[in-house]
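What follows is subunit A paired twice: with subunit B in the first complex and subunit C in the second.
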Partner chain A sequence: MTGFIIRRTLSMLVTFIVVSIVIFLMMHSIPGGPFDGNEMPLPDNIRDRLMAQLGLDQPLYVQYLRYMWGALHFDFGVPYQSPGETVMGLVAHAWVPSLVLGGSGIIIGAPIGILLGMAAALNRNSWIDYVASALATLGLTIPVFVTSTLLILVFAVWLHWLPASGWGEPKRWILPILAYAAVPLATYARYARSAMLDTLNKPFVTVLRAKGLSERRIIFQHVLRNSAIPMVTVFLPMFVGIATGSIFVEAMFRVPGLGAYFVSSIEKRDYPLEMALMLLISMLFCISYLLSDILYALLNPRIRVDGSRR
Partner chain B sequence: MTELATQATGLARPDQTRQHSPLYFAWRRFADNKAALGAGVVLVVLILMAIFAPLITGTGGNEQAFLTQSLAFPSGEHWFGVDDLGRDFFARIVYGARVSLGIGLSAALFSLVIGLPVGALAGYLGGRFDWVTMRVIELFSVVPPLLAALLLASVTRGGLWAIVLIAALFGWVNVCLLVRAQVKSFREKEFIMAAQALGASPWHVIWRHLIPNSVSPIIVGFVLAIPLAMMLEASLSFLGIGVQPPTPSWGQMINIGMNFIFFYWHMAVFPTLALALTILSASLLGDGLRDAFDPTLKGR
Partner chain C sequence: MRLVEIEDLHVSFSQHDGLVQAVRGVSFGLDSGESLGIVGESGSGKSVTCAALLRLLREPPAKITAKTLSLSGHSVLGISNRAISTLRGRVAAMVFQDPMTSLDPVFTIGHQIAETILAHRKVTKREALAQAVELLRRVEIKNPGAVTNYYPHQLSGGMLQRAMIAMALSCEPDVLIADEPTTALDVTIQAQILQLIKDIQAETGMGLIMITHDLGVIAETVDRVVVMYGGKVMETGPVEAIFSAPLHPYTRALLNSVPGQTAGKQRLVEIAGSSPNPSHPPAGCPFHPRCPLAVAECRQTAPPLETKAAGRQAACIRVAAEMVAA
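Right after this comes the complex of A and B.
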């Protein structure tokens, strides 16, 4: 097991370094620099001084190494769009709305999705099965900003029940949370259903029935436990959905969170902020990949033995 | 073959034991799936509308023919109303289908062009090539496609072809994995070994035996790549770094419509519904095809 963890960690580390190099190169191939805007033309010598001050005159690999060295110390530089604070400071206050809204989305969406998927699997081809499948397909295929538009239209514009956008009073959180909840709800409805169905069709369930166990005991003690394994691995794609969805939800509902800053950093060529956000997100993904791998190996001894993935 | 057998045994065989091809059974399973069938019909109608757009709309998608009636609500004359720049909104939605479907189809085609050979080679050769391919795919799985696409789109400043290429860059992974799995499972079959023993070159084995046997994952991969590409296009255009105006794109129209949502709701509703309907039918069609080709996966 220790060998497995070390091997996975090393491979993730390599992946992360390659990704960081790719991101760094991509970032620097975006045409134009931070001082190329036309509103305030700078004299050449001042621009050169600023470039030197920010280290932008060095060769690329020096910039990369210097940057990663700083990143190791949580020093991501100063965002060009608000020079009064550091990138870390900005991230520190921007992640709050994202976490509150996205977290509530998961907390509300995932259990409903799991219950819905379970109910669908236990009552196959009934109306609840069709409702669950329809919700799962809708939630997984329709882009978040489409759901958000419809939510705003129905609840804010036509019914006047809730405010359409903003951040502050909890009343304004309801619509974005609903928009966020669609993804975990759909993901879990679909995977809980298929995991339950898979287990229900296994021979051991027939044996349990033949032995005369009550249906309730079969489902809660045996089927549910065995269906939990695949559902652990689904957490990752769902997390990806939430993280990328946050860009659109926050743009839609005008929430000052990480997603909104990500978009404005791309528009304003804010290299330090953009780079820091991309690195943070890829690092989160790497870590959650690693965790789900390890968790999966813990739950499923077969993986541990032959060391292969999934 | 059947005739020869009948003659040899001298027995008349009843008609209903006629052999059906696997494709026939796949079609039967697909036709049983009402949602997928309906989605297929909707998609065909949408494609026909996109192709024959000039015939069903009064004006072109970009003609500001109704400037005096700007922002008019839907009526008998303008089914979806008029937009802020005096363009018939129905015409813009229909021309938007050209952009959305066109990008979806061409991105899926490019995904196939990259994913098919790489997947077939990785599955057949195994070893080092397979290892490298899988590590590259692992890199793609760590970076969320939409975020990376955002970066790439801001590097290339959007545009139709840039979006098609970006969508293909992330679409080939699925096709590659599907083809690789199929080729890998067929590589060890007896008929492949027989072909190899008869001296068939790897190229011949892949081209004549392995790829024809992978037709179903290829079709499924192709169809499922379409809604993903359309979603990517709509998302990028929504953020303003995708298809640039005046070319009509639903994502971009939703973004503009959001500014008018409190008073002129038609500006947001129609592109939203059009996008949802198209992506939904393309995904349902893809899911239906997957279930039809591989009944063991049914209901996943």
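Right after this comes the complex of A and C.
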């Protein structure tokens, strides 16, 4: 198992480096630069001096190596759009609302979704199954800005129970979290249902019944554990969505999160911030896949590759 | 009291395009220490009959009705899930066709045997695991202590089937039902597994029901045979009598189609026609469309299973006349 983890970690690092190079090249291949705005054009000599100051006159590989060297020391530079702080500082304060929003969304949505999917699978072709499947389909097909609008309309405009937008005190968190939870809930309901049905149809479930095990033990010990194997692969990568998936929800509820910076950093050619955000996402993806692989191996004895249990 | 008592069992499955009648009025029984073979081709209803006996079919779509359906005197009809699960594994245990898919891939062999014991007996987990080792030793697995820690994918098909037998024996059942236990195995392993089942039956005196389409397996392992076709019993009798002088035209056709009875190359004898469609079974005797002896009456009424000789029954109106002619 240790060898497996070391191998996976090394291959993850290689992936991460390749991804960072690709991102860096793509970022710079977009035409235009940070000082090419049309509303207040800068004289050429001033622009060149600014570019030189920021090191943007250097060849790309030098810029890349400089940036990555800095990144290794947790120095991601200064965002062009907010020169008063560092990229680290900006991400540190803007990420908190995104994490709270996405984290609570998943923590609320995933278990409800799994329970819904389980209930549907255990009562297949009954009204429970139909209601759960309909909810899951709605959750996935209705765009999050429509869900958000509906939530605001019902709970803020009609019922006056909750504020329509903003962040700050926790009661403002409720609506955006509900809006965010819809997608993981629906995704999990669908995955859980199909994974459970798949396992329930396996011959070994009949054997477990024929042995005289109680239905509860069959479901909770055997069927759940087997169904968890395919579900692990979607569960962890979904956490990465915390950093990216809440862009719409944040915009709808005016949450001061990280979401808006993804768009603005690309628009404004804010290279240090753009690169930092991309590295953050790639890193999260790499880690989540690594953890999924480890968890997968722990749950599934058939892929403990080094055969240490033999 | 008989170990198994089945009287007028009907099993049907409702499907979107109608009702599939898998078992249509089957009756037979099993006495303690007896071994019974159920033989028939695919779709004859032999596996469904035994699955119904342990209530292993999903209801609905399955619908089970019977005058009597009981295990060691306990009726299995109209009882709760909890009540049936106390009978399963303890009164009647089952060994299935494909050992590769019959075990949960994420638990060790030892765990899966031990949990069967724990489901029926008040013992500690440690004691159950110790019993699992003994059971594996009894089914002639070498190094049983190590095998308890193996996962199913680490064992061969033959080894897994031995482990399945060990699991079935773990609560000393009154009846062992083996549903095609050697079909998925190599020919060399098949004989070993059959011998093992025979030995254990002789040793414990439990009842045995062997479901198979392989007449060779029947000949080697059982005392009495039930021949099924189209969801009905065609013939029952002692194994030697059935093989030496089959009564029913279907049994005869079945025995004729066993390859290699005479020396030399020859074309494989087959039964003309195909098995009845269980959604629309033919009126009268299910075998009449393929039967060389069928007369008008065979097409109208299904003949009842009648005693034709001592200990022998057949469901055919042509048997008596035909036997005299022969």
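A few comments on the model shown:
Here, the second predicted complex is superposed on the first by the 283 of 310 C-alpha atoms of A that agree within 3 Å, B and C clash if a C-alpha of one lies under 4 Å from a C-alpha of the other, contacts with A are read in each partner's own complex, and residues count from 1 in each chain.
Quick note on the criterion: a contact is a pair of C-beta atoms (placed from the backbone, for glycine too) under 8 Å apart; a residue touches a chain by one contact, two chains touch by 3 or more.
Note that the structure is predicted; figures quoted are calculated from it, not measured.
Superposition of the two structures on subunit A leaves subunit B and subunit C fitting side by side, clash-free. In the superposition on chain A, contact is made by A:213 with subunit C only, not with subunit B.
Here the apex is the CA centre of subunit A, and the angle it makes with the centres of subunit B and subunit C after alignment on chain A is 70°, in steps of 10. In the overlay built on the shared chain, the residue A:204 is in contact with subunit C alone; subunit B does not reach it.
Applying the stated contact rule after C-alpha superposition, one finds that A:225 touches subunit C and leaves subunit B untouched.
Look at A:146: by the touch rule set out above, it reaches subunit B but stays clear of subunit C. Using the contact criterion defined above for the overlaid structures, shared-chain residue A:59 touches neither subunit B nor subunit C, since it reaches no partner. More residues of subunit A are in touch with B than with the other of subunit B and subunit C. Once chain A of one complex is fitted onto chain A of the other, the partner contacts of A:83 are absent, as it touches neither subunit B nor subunit C. Residue contacts after overlaying the shared chain place A:300 against subunit C, while subunit B stays out of touching range. In this overlay, which is a superposition and not a single complex, subunit B and subunit C have their closest Cα atoms 10 Å apart.
The contact surfaces that subunit B and subunit C form on subunit A in the two complexes do not overlap at any residue. Residues 135, 138-139, 141-147, 150-152, 154-155, 157, 227, 231, 234-235, 238-239, 241, 251, 254, 257-258, 261-262, 265, 268-269, 272, 275-276, 279-280, 283-284, 287, 299-300 of subunit B are the ones touching subunit A in the complex.
Chain contact summary for the complex, subunit A toward subunit C: residues 202-204, 206-215, 217, 222, 225-226, 229, 299-302, 309-310. Contacts from subunit A toward subunit B in the complex involve residues 15-16, 18-19, 22-23, 26-27, 29-31, 137-138, 140-143, 145-146, 149-150, 152-153, 157-158, 164, 190, 193-194, 197, 240, 243-244, 247-248, 251-252, 262-263, 266-267, 274, 278, 281-282, 285-286, 289. Against subunit A, in their complex, subunit C makes its touches with residues 54, 56, 81-82, 85-90, 93-94, 96, 98, 101-107, 115-116, 119-120, 149-151, 153-154, 164, 167, 171.
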